[in-house]
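Next up: some structures, all given as structure tokens.
Across the two complexes that follow, chain A remains constant while its partner is chain B and subsequently chain C.
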Partner chain A sequence: MALLEIKNLTLYIDTGDDTTVKALEKVNLTLNEGEIRALVGESGSGKSLVVRCIIGAIPDYWSIKADRITYNGQDLLNMSYEKRRQIMRREIAVVFQEPTSSLDPSVTIGEQIEESIPPEFIDKGWFWEKNRQRKQIAIGLIHKVGIRDHARYLNAYPHEIPKDVSQKIMIAMALASEPKILIADDSTRGMESTTKTQILRLLVKLNKTKKLAILFVSHDLLAITSIAQSMTVLYCGQTVESGKTRSLLKRPLHPYTKALLDSAPSFQVSLAPKSPLVALDGTIPTLQHLPAGCRLGPRCPNARKECVQVPAPRSIQEHTYSCHFPLHMPEKLSTKPPRMAQGLTATSYEDD
Partner chain B sequence: MLKLLVRYLNLMVLTIFALVLLSFFLPFLFPGDTLTNISGIVAQSAEQRAALEGVYQLDKSVFHQFAFYIESLITGNWGISLSDRANLYDDIQLAFPATLELVAYALFVSIVIGIPLGFLSGLKNHNPADFSVVTFSIVGYSFPVFWLALIFITIFCLQLEWLPLSGRIDLLFDVPVNTGFILIDIALSDISNKYDAYLDALRHLILPTASVAIVTTALFIRFTRRSIMDVMKKDYIVAAKSRGFTQSQIFFKHAFKNALLPILPMLALQVSTLITNVMIIETIFSWPGVGRWLIQAIYQQDYPAIRIGMLIVSLFVMSLTITIEFITRAIDPARERAESATI
Partner chain C sequence: MTKILSVKDIRYTHTVKRGVFSPLQVFELGPISFDMHSGETIAIIGNNGSGKSLLAKALAGAISIDSGTIEIDTEAKHAQAVRMILQHSKDALNPALSIGSILTQTLTLNTQLSEHQKREKIEETLVRVGLLREHYYFYRHMLSDGQQQRVALARALLLDPKIIVADEPFAALDPSVRSQTINLILKLQKELGLGFVFISHNIGIVRHISDRVLVMDKGKVIEQGPTKDVFIDPQEPLTQKLIQSHFAMVEKHFANL
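== the complex of A and B ==
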């Protein structure tokens, strides 16, 4: 059962001079109950935009069109503001990219954590008892995310604490309402590996013990493959491929996924010494100069005439891809062998 | 915090010293006889001159003179006016509260109207309410204060005859001076028709307060609007929204304080502009404040009065600015970091 389902989400950004840019185009994403799903993509591929669309914090000059964005079967798009707020308050929690700027600089950490505790959790009668209970819950939350020295941090202001601690505090605040979904928006970016491991372990533990569904937004392939059961690959605002992490790693169907995996040497078991590293030519296009059709087109080694049309998502079992000429697949449309595909596969298998 | 307080007190004392030193040298720099400039008395004979020099210690060294000057400043012995032989200390005691009163009301009006309007238009930006508030603030800010006051007088006093033209209260009400603040004085006095007196004093207040407050209000609106618009785009507001907090919770707990903190020093700086404007307005509305008093002194080349008046006004503006600066420092948790943790 899909807890969170996004179907054909398109995000238009008004650039001011009577032009709109499709920052996201027909993005599909599902998050099942108790699952860790990774949302992968380069910087600028629109990962954070997807998150902003889910939580509904979008400025006036953005507009969303989608077949559906549902949480637990309830349509988030056509919901009243109040109802959506309630869902955000109790069911969905977000941990943002920049922990230090996502905490209010003028309020102490303790107060901010206490604020995120829903009032329903406080059952004591008098206000001093309530305050004490709130404080107890806050201390418990901080311990839960692995900070032992609560006295030191509760009365501190956000600028006084280190970045990894504020990241953990963001997680504590997200857990305060005991949500069903945790969206971690690139929460381990720029962290040293020990802290990163701690946070990843914390996420996995939460997923195992509380059946917390996690949408893990990142470009860190190592972290993703170690914790995520399934992944969705985003390129330049389009979902290119999604499925179980294991099958994606074993047999990527989309050229972009393959290039992405190849770019991380840790995944190439048989990488010979001094062999060239594989990367796609060019860079990710800017929003002002998006190619028509499949946005990988100009950089894709397999691109052909058909690629100026946006490919419809096709799926084999749980593995969905959007490509006219997927890798590892028998040719259906054309008898001609793909010009570059052989070259691409050759680079990865030529060593012996 | 204590360190901060000591630092600001130090700054204040040093600035006061510099101001006192400057005002000490003024009579030597003014044209004319230094003795007359200091004492306010034109010596008629050699004996009188010698006696006066003895009193003001002009026959001793400059350090003695300075020490004597500080002593007389502290004891309230501020000299006498050259033009009407009035005691300057009493004069200022009468005039200064009147200015303070006008400044206080104008500031009150600007804060009470300007800041909420700024928040309103910043939160609802780019809708008709916002546009009208912004238009009002641009128009209000563009008026020169003295011109606006004259226009007010022409319309409301001369054409429509709704409001009184000058002064603080009608001469019919004999309110004894107690604190110098007219509204408080009325409350403290035992005149029979207090209600009428209040009404009359308020009618006198409307035009001067309005003409000063419009410019300041316009500025406050612009500062607040800009600031709240910036704050609402910040990550922590998006984060607060994502946590499903209510609009009022987001505004009062997170946006309000963060929007006001950066603009408080700017608002504080406007107070000195406000005082300057009040001085101009006092002259136009014959408001018996220190500004009008000082301008009269300048017309009459009343050097002792100019010296003391200038010192008092600058001391007031300076201590106000430093106090507000201290308060903003003290309540802003993030600013302490900037001064203690920069490498």
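== the complex of A and C ==
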């Protein structure tokens, strides 16, 4: 069953001068129980915006429109503030980008971890017993994420510890409330391969032993393909393709997914050293200058006239894509009237 | 293939003083020796805190080494022959100045060119790195990540260097922009015979574009050799670990197919 489900999420950002931009447009995302799903996209594609919409950390000048955002069947959008906070505190945990800047520089690591333990977990009577129990839990947590030398780190300040350790500390803090979902926002950015493997192994272990569902937000394809069972590719605020990692890797249907996979030199077997890599021209457009229709349009190698319309998502065996002219597909088949993704009707895709 | 750089037994000691009574933290770099030929790419890999960035700075002349020699086969000054691209190209550009003035500064400080010649040189370089002449008037915030990286590259190329040293040039870039930058560097290398020294965590890229690899640990080069040999038969445990952890992930990828 879907633990977290997002249907047609559109995020409007008010730019001030009576205009709004659609930072996210009709994003669909489902996270099933005990699944690791990767949310892939380059910077500026709105990955972190999706995360912020889920946790509800949204400033006043943003507004959300969505068919639904549900957690475990409960509607997160029409929920009272307290109830939502409760869920965010106990059920969904987020590890933010840049651990060194998300940790409080003026407080020791130990205190920060202890702070993140919910009060319900402390059942001892007197305050000294409570403090000791809290400390025990904190030590247990950082052992769990693979740091053995707890004495050294609990009394340290964030600037004194290496980046990969602070990443693990952030994961430990997220795990303190024993959540059902862990959202890891770019956890392996800028790490060398040995520490990266450690973090990934830790996430897989948590997923296996605790049935923790993980939304792994990243653009590191190597990391994603080694841990995620399914992935959703985001480009410029639109979901371009989603499905099982295996089928996406085997047969990417969207040109963008293909370009993304081709950009990793390790994935190509017959690539001569120093030969030029395949890359799309140009860069991801800024929010002020979004192209109409399919936002890959100007960069897409097989863009045509039809691409100024937003393509409706179609799906073949849980592999959903949004493209008028998908790869690996005979022309006739792809121009047939679209078979709608599950639960969607044609009317919901007409322009609003 | 002519030898353009020879580094002999360079040493550098970096001391950090934390508090009045706490002991000095000493980091020793070197001794390090290696040679470089024209058109060659050398990759430096290693764990965090192994002195990779210090070595890059020492090569570029940003820190003065304690002993040893860095010889470059050129009449130009060291600072002109070896140019550096900094880790965060975005933060290395002054937001208050236009790209033109940023690049002009480099020329004013290092050459005797007239205003007109400077202007010509800058425009020529901008075009070479795949930007437009009009970008002369642009400011940092008007450019995308990839374009900023190109400006950083243009600044390095402006003085016609023999060698470019880059500290994690690809880490902050997105996959598609990264491929574009790699292609650009490969192209420039072919055209100008540049030597390219870079630090990277991305073993896939190291394998793809480098001719030789230096593996560093605790300030020492523990292993060096042609990329192919190092990747096929790594000698040191650390190298093996770095390479294996990368290939373990690649294998998982292919297992998925």
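Just so we're on the same page, the second predicted complex is superposed on the first by the 327 of 352 C-alpha atoms of A that agree within 3 Å, B and C clash if a C-alpha of one lies under 4 Å from a C-alpha of the other, contacts with A are read in each partner's own complex, and residues count from 1 in each chain.
Methods note: contacts are C-beta pairs under 8 Å (C-beta built on N, C-alpha and C of every residue); 3 or more make two chains touch, one makes a residue touch a chain.
Just so it is clear, the structure is predicted and the values come from calculations on it, not from any experiment.
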Please work out whether A:S43 is in contact with chain B alone, chain C alone, both, or neither, and reply first, second, both or neither. second
In the superposed arrangement, does A:I122 touch chain B (first), chain C (second), both or neither? neither
Partner chain(s) touched by A:T283 [first = chain B, second = chain C, both, neither]: second
Which holds for A:V107: it touches chain B only (first), chain C only (second), both, or neither? first
A:V310 contacts which: chain B (first), chain C (second), both, neither? neither
On the A-aligned overlay, A:I137 touches which partner chain: chain B = first, chain C = second, or both, or neither? neither
Using the touch criterion from the header, give the chain among chain B and chain C with more contacted residues in chain A. C
Just checking: does A:P265 make contact with chain B only, chain C only, both, or neither of them? Give me first, second, both or neither. second
What residues on chain A touch chain B, complex-wise? 52, 55-57, 59-60, 85-90, 92-94, 96, 98, 101-107, 115-116, 157, 159-160, 170, 173, 177
Note which residues of chain B are touching chain A in the complex, please. 126, 233-236, 238-246, 249, 253-254, 257-258, 261, 332-334, 337
Chain A partner, complex, touching residues on chain C are 41, 45-49, 144-147, 168, 171-172, 174-180, 182-183, 186-187, 201, 203-205, 207-209, 227, 241-242, 245-246, 248-250, 252-253, 256-257
Enumerate the contact residues on chain A facing chain C in the complex. 42-44, 162-164, 190-197, 200, 219, 221-223, 225-226, 245-246, 249-250, 259-260, 262-267, 271, 273-274, 276-281, 283-284, 286
